[in-house]
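Got some structures for you, see below.
One chain, subunit A, appears in both complexes that follow, with subunit B as partner in the first and subunit C in the second.
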Partner chain A sequence: MIQIHCPYCGETLPELEFAYAGEAHIDRPESPSAQTDEEWAEFLFMRQNVKGPHFERWRHLHGCGRFFNAVRNTITDRFYITYKAGEPRPDLATLLEEDNK
Partner chain B sequence: MSKHISSLAPSVVVDTAAARVAVSQMIGRISLRARGDLAAVGQAIGVELPTQIGARAKADGIEVACLGPDEWTVLVSLGQIEKVEDALAALYPSLPHSMTEVTGREVTFTIEGPQAVELLSIGAPRDLSTIKVGQARRMFFDGATVVLWRDAETSFRMDVWNSFASFLATTLETGAKELAAELA
Partner chain C sequence: MSTYRVRGKGRVDASKPIVFTFDGKPYTGLKGDTVASALLSHGVHLMGRSFKYHRPRGAIAAGSEEPNALIGTRRSAGRFEPNTRATVQEIWEGLETNSQNKFPSLKWDVGAVNDAAYMMFSAGFYYKTFMWPRSFWDKVYEPFIRAAAGLGVSPTEHDPDTYASRNLYCDLLIVGAGPAGIAAAREAAGKGLSVVLVDENAEMGGSILSEPQAKIEGKTSWDWLSDELADLKAAGVKLMTRTTAIGYYHENLIALVEKLTDHLPTLPADTPRERMWRVRAKQVVLAQGALEKPLVFHGNDRPGVMLAGSAQTYLHRYGVKVGNSPVVVTSHDSAWYAAFDLQDAGAYVQAIVDTRAQVRQDLQAEARSRGIPVKLSHTVTATGGRLRVNNVRVNPLSGTNVGAGQWIKCDALLMSGGWTPSLHLFSHTKGSLAWDDDLTTFLPKDTPEDCVITGASRGLWGTEAALRDGATRVGEALAKLGVEATATEYTVADDRTGSGVMMRELPTDRSPGKAKAFVDYQNDVTAKDLRLAVREGMRSIEHVKRYTTNGMATDQGKMSNINGLNIAADALGKKQPQVGLTTFRPPYTPTTFGAFAGYHRGEHFEVVRKTQIDAWAETQGAVFEPVGQWRRARYFPKAGETMDQAVTRECAATRASVGIFDASTLGKIEVVGPDAAEFVNRMYTNPFLKLAPGKCRYGLLLGDDGFIRDDGVIARVDENRFHVTTTTGGAARVLNMMEDYLQTEWPDLNVWLTSTTEQWSTVALNGPNAAKLLAPFVEGIELTEEAFPHMSCVNCTVAGYPARLWRVSFTGEVGFEINVAAPYGRDLWEKLWEAGQQYDITPYGTETMHVLRAEKGYIIVGQDTDGTVTPADAGMDWAVGKKKDDFVGMRGLKRPDLVAENRKQLVGLLTEDNSWLEEGAQIVFDPKQPVPMTMRGHVTSSYNQGTTGRPIALAVIEGGHSKMGETVYIPMPDRTIAAKITGTVFYDPENSRLKI
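Our next item is the complex of A and B:
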C-alpha cells in the first residue's frame, strides 16, 4: 500500500485514508463571463495527463479533511513531496535531484 | 445479520477474553470549526482548544479533540449542551465560527481488553501505535470514517456515524470472537 504524508497532520498514513483530486495549480479565471467558450473549456476539461512527475491534489478524506498538493510519479507512484494548499509550486528539478541522492 | 445499535439503549456488543465492545450512553456532541482567536473560543466553552491534530483537552466534564487545522469535536454531558451553545452564540458577532450540535449523529463504542489493539487492526490500515494514550484521531475503519479516542494502552472509544454503527458492530463482534478463539 502507498504511504502518503499529510502536510497538515504531519503523519505518513496509508493511501486508503486519502482521495485523489485531480491536477494541481489550476486557477479558476477571475471573471468567467469574460471567457470565450474555448478558454472556458480549456479551464474545465483540459489536463496535462503527465507521464512521470505530476503536480496533483489529494485530500485527507478520512482524517483532517484537508486538500493538499503532491508531486507524484505517475509511472512509479513515488511521492516526491506533499505540501499545503496555497504554498508555491516547488521546483521540479530540485525535487528530482534531492530524490536521486 | 446486523445488530441493532443505539446509544438510547446502551448494550454490550460482545464480551470475550480478547476484548469487550459496548455501546456507550448517549452524550452531547458538538462539531466546531473556527479560525483566528482560538483562545477566545476556548474561554467561551471552558476548555483551551488544542491546536495539534489528534491532541485532546478536558475540563469540567467537557472534552475536546482536534480533528483538523480548524476543526474540533466537543463532547459534553447532555445537560451542558445548551450552556456551551449559548456561550459560543454570544461570541459569534465578534468571532464568526461554525458550531453544530451533532449529538444524534453518532454512537460511541468502548473497546477494551488485552487484545483491543489487535481487534482494531482488523479494520484500520494505519499504524495504531502512532496514536498515543490521551490522543484521538479521525481515521478509516473497515470502510467508514470514525473518530478513535485512546484512553489507555488497551482502552479505546470509537465514535461512529449511526448509519455505519450496526455494520461496524458486526465487524468488531466477529473480530473479538475470532481473537478469543485463537486464545482458547
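Our next item is the complex of A and C:
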C-alpha cells in the first residue's frame, strides 16, 4: 500500500484514506454554453492515459476531505510531489531531476 | 525408538512421544517432529500422489518449499485443512492427517492410469486433448476435468476458528532468522531501535539448525544460537517464529502471517488461529537464504528421492536417517557432506555420484576415509522401485557420451543441483535481478524500496560468510536510521563451504522423449514438456510457463523455476538472462482465506447501517433488504402472508387511510453559506435562486455529460441554508461530486457542505388521513392546504421535538416527512403509531414505496435510469430550468447524441393479457423477425400488487414518447408478451389526491 502526503494536513498517510479523482489540470470551461461540440467532448472525455509521470487528482476522503493534485509515476506508483488544488502545475523536468538526486 | 531414528541426534525431545495418525494408522513421533520427519522416522516415504499423473510421491524437501508431501490435516469438524505441507506441520497428540489425490488408497490408486497415458497429458494438453468432438465437451470432458481438477478436497464445514489482524510500525524488520538475519539483528539490537526478527519455522536458526558441527565464536553452533537468541530477546528485539513474510508491498509494507495454534494439541481459549501483521518498517533486511535445486533425471520423483540438504536437516534437526543405504547424486559440493553425516550416523552410503570430473581433494579424501565409493563424471539415468526407490542406474560420462549403465541398490537417493538464492520478497519490491555466470543463477541487484538483502539470498555460501554479510549489510539500513554499525567479524570453525556446476537434464542414454524427468513436481511438468512447448512455438518464458504450467502450482516454482528456465533457455538457444525469469508474486507460501479476511467475516464482513426505527421494524416481523449499506424494511408481512399479499395490503391501506414509512436512510446534505442558493442552482437542473425559504423543490442532478446522476427533494430552510436529500445509495457519491465542484471549480463560492444523513430520523406519513393524524402533534403551523401547501417546509415542533416538517409526496397521496434529531425518531414513530391506530395506520416498506411511486410515474434513479438517460428521455424536461446560464450538465444536454432522434425514452407499459413483466426483459417491435432480434428497449420497473387493479410497468423504448398507444413485444423463453405503450402515470393523473 502506498502512502500519500496530504498537502493540506501536512501528513503522509496510508492510501486507504484517499480516493483517486482522475487527471489533474482539466478546468471546466468558464462558459460551457460557448463551447463547440468538439471542445466540450474534449473536456469531458479526452485524457492523457500516461505511462510514467502523471498529473492527477486525489481526495483525502477519510481525512480533511480536500481535493489536491499529485504527480505520480503510473509504472512505479512513486509520488514525486503533491500540491494544493489551484497551485500551478509544477515543471516535470525539474521534479524528475530533483527525484534523481 | 523408531527404526530410522538416530539416538543422540536432532533437536526433538526423545522423552516426549506423540501419537498421530496418517491415513488412519497411528504413528509415534517425538515432540519437535513435523509430520514428514515423524513418518520418515518409521521409514514411510510415500506421502501422497501427484496432481496430474497420480504418481506416488514422498517428501523431497524439509521446509515450506515442499511440492509433494501435501496432506489434509484435521482437528475436528470444520477444522480441516487440505494441502498442508507435511514438512511444515508440527505433530501433536491426536492430530489426524490424510494423504491426497488417491482412490481408493494411497498404495493402490485408480487415477494412476493417467501415468500410463503420459503422452496424452503432455504440455498444453488442456488446449489439445479436449478440442473435439465438440459434443464431448458437456458430457465427457468437462465432468472429467472438474473431477480431476483441484488439489486436495475443500473443507465442507464452517471454519470455527478466528483470525486476527494487527498493524505494526518498526524501525527495522528482518525476514529470516538464519545466520545472516541473526547477525543483522545483533548489530541493530540495543541501539534504541524497534527491531523485529521473523522466521517461518518453529525454531529460529535456519541452516545453523542443520549444521551442529560448526563452531561459531568458539562455541558449538547450537550453543551460540541459543545464547544469541536469548541476548537478542533481552535487548528488546521482537522475535516471531512460525511467522511467514508472505508479501512485500509498496513503501516497506510487509505482510506477515503468524500461525498461533496449528501446532498445539489443545486450543487455548480466545486465541486466533492466525494473525495477519501489516508491518510498516522504516528499513528491511531480507535474509531468506537459499533453496536447493533438484536434479532432473528419469524417475527423480520416486519416493525416497530427496534433496541432500533436506536429508541433512532430517538428520540433524529431527534425528532421522532418511535411509540406511542411500546413494548421493550431485553437481555441488554440499551434497558430499550429507553423505558423510549419514555415514557417520550409521547409514551405509552406497555411492557418491558426481557429474563433475574434478571435485575438491579434501572431499574425496573424506569419502575415502569413510569407505564411501565415489563415482566422478557419472550421471543418473533411471531409478527403480514402485512405491519407494530401491535402485538407481548410474552411467559413466565421457564428454557428451553416456556409457553403459549399472544399477546400484539403495533405499534413498539424495540429490543436489546446487542452490538458488531465495529472491521472492526481493522481487515483490520490483527489485531487478542480475544473472551471475559463475553461480549460474540470478542475484539481487537494485530495489526501489528501503531494503537490503544479505546472506545466501545473494549467493553467499557458508555460515561465516552469511554471518559477516549480515553484520555488514545491515549497516546500510542502520546508517539510514541514523545509527552507526559495527560490522562484527565472526569466525566460524568447521564451516562448510562449497561450489558446484549448473546442470540441465542429466545426460542420459535413454530416449529423452520417454523420460519422466520432473521439473515441477507439484504440477507434474517434465523437462520434455518444456522442450515441447518451445518446439510448439512458445518463445517467452511467460508463455512457456502458462503452456506447461511450470511453476504455477502452490509452491510457486520454488524448486522448478530455475531448472525450468535453464532448460527453456537451452531449447531456445539463448542465455538465461535473455529468456528472463517469470514474476514472483505474493503470497510466498499458501495462505488461508481466514488470514486475509481477519475480522471481516460473518456479521463483520460489511458494515450494516440501521436507522433508529430499525429495531421497531424488527419487532414487527419486517422482512429486510440491503440498500447500499443500509438495512431497510422491505415489507411487514402479517401471519401467513406472502410478499405480494403484504405489499398489496400495504398499498391499499396507504391509499385508503394512512401509511407510515421510515425514510431516514435518504441521503441528506446541509448546504450552508451566503452562496448556498447559487451553489445549489449551479449543481441542480432546476432553478433555485428564487425558491422562497419555507419551500421545497424537486431537484435533478446531472453529470456534465448530461445524464441523470441523482435526484431528491431540496428544502430551502432559510435564506442561506438548504436541506438537500439524495437517493439512499447515492449520498456519498453526491456529496463527493458537490465537494469536487465546490473545491476545484468554484472555490470562490462561500458555501459549506455537511453530510447530515445520520443526524436526522425521517418519518414519512402518506395517505388521505395523514394530516388528520399528524396535526395534533404539530406546534407552529396549521396543516391546512392554505397554511402549509404541498412542497412546503417549516421548522416547528412535532410531538415536542424540534422538527423540520416537509409536505412532500412520493406516493401521490397527501404526504409529510418529519425530520427530527436522530435519537428522537423511535419515540416519534411510536407516538404516531399509537395515535394512528384509530386510522388503521399501516407501516410499509421499500417494496410498497416502489409500487406507489411507480403508479405515479416517479422515477427511481438507478432503476429507471442507467447512466445514459437524460431528463428529456425520462419525460422530465419540466425539471430543467430553461433560463439558467449554467448548471452541471446543461452543456452536455446539447451534445449531438443527446439531442438525436429516437433515443430510448421512459414510458409506461400495460400488457394486453394482464400478465406481469420481468424487470430487465428486452423489448422488440416485430416479434416475427428472425433471431437475433433487434432490441428496442427494456422493462425498468414492473409491479403486480398495486392499487390500479392490474400489473403496471415502466420501460425505456426507442422513440417511446412518440409511440403512445402502439404495441410492442417482450419475447420470453416460453412465449411472447404483447404490451401497449402508455404514459408513465397510472394513478390519479390529475394529482387530485395531493390536496388535503
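Convention: the second predicted complex is superposed on the first by the 101 of 101 C-alpha atoms of A that agree within 3 Å, B and C clash if a C-alpha of one lies under 4 Å from a C-alpha of the other, contacts with A are read in each partner's own complex, and residues count from 1 in each chain.
FYI, contacts are C-beta pairs under 8 Å (C-beta built on N, C-alpha and C of every residue); 3 or more make two chains touch, one makes a residue touch a chain.
The structure presented is a predicted model; accordingly, all values stated were derived computationally and were not measured.
Applying the stated contact rule after C-alpha superposition, one finds that A:8 touches subunit B and leaves subunit C untouched. Judged by the touch definition given at the top, the superposed model places A:90 against neither subunit B nor subunit C.
Shared-chain residue A:37: touches subunit C; no touch with subunit B. Residue by residue along subunit A, subunit B and subunit C are tallied for touches, and C comes out ahead. Of the two partner chains, subunit B and subunit C are each touched by A:66. Of the two partner chains, subunit B is the only one that A:17 touches; subunit C does not reach it.
1, 61, 65-66 are the residues of subunit A that lie in the contact sets of both subunit B and subunit C, per the superposition on chain A. Against subunit A, in their complex, subunit B makes its touches with residues 53-54, 67-69, 71, 125-126, 130, 137-140, 145.
For subunit C in complex with subunit A, the touching residues are 249-251, 253, 430, 448, 704-705, 736, 739-741, 743-745, 747, 885-886, 890-892, 894-896.
Partner subunit C is touched in their complex by these residues of subunit A: 1-3, 19, 21, 27-28, 31-33, 35, 37, 40-41, 43-44, 57, 59, 61, 65-67, 76-78, 85-86. Residue ranges of subunit A in contact with subunit B, taken from their complex: 1, 8-11, 13-14, 16-17, 61-66.
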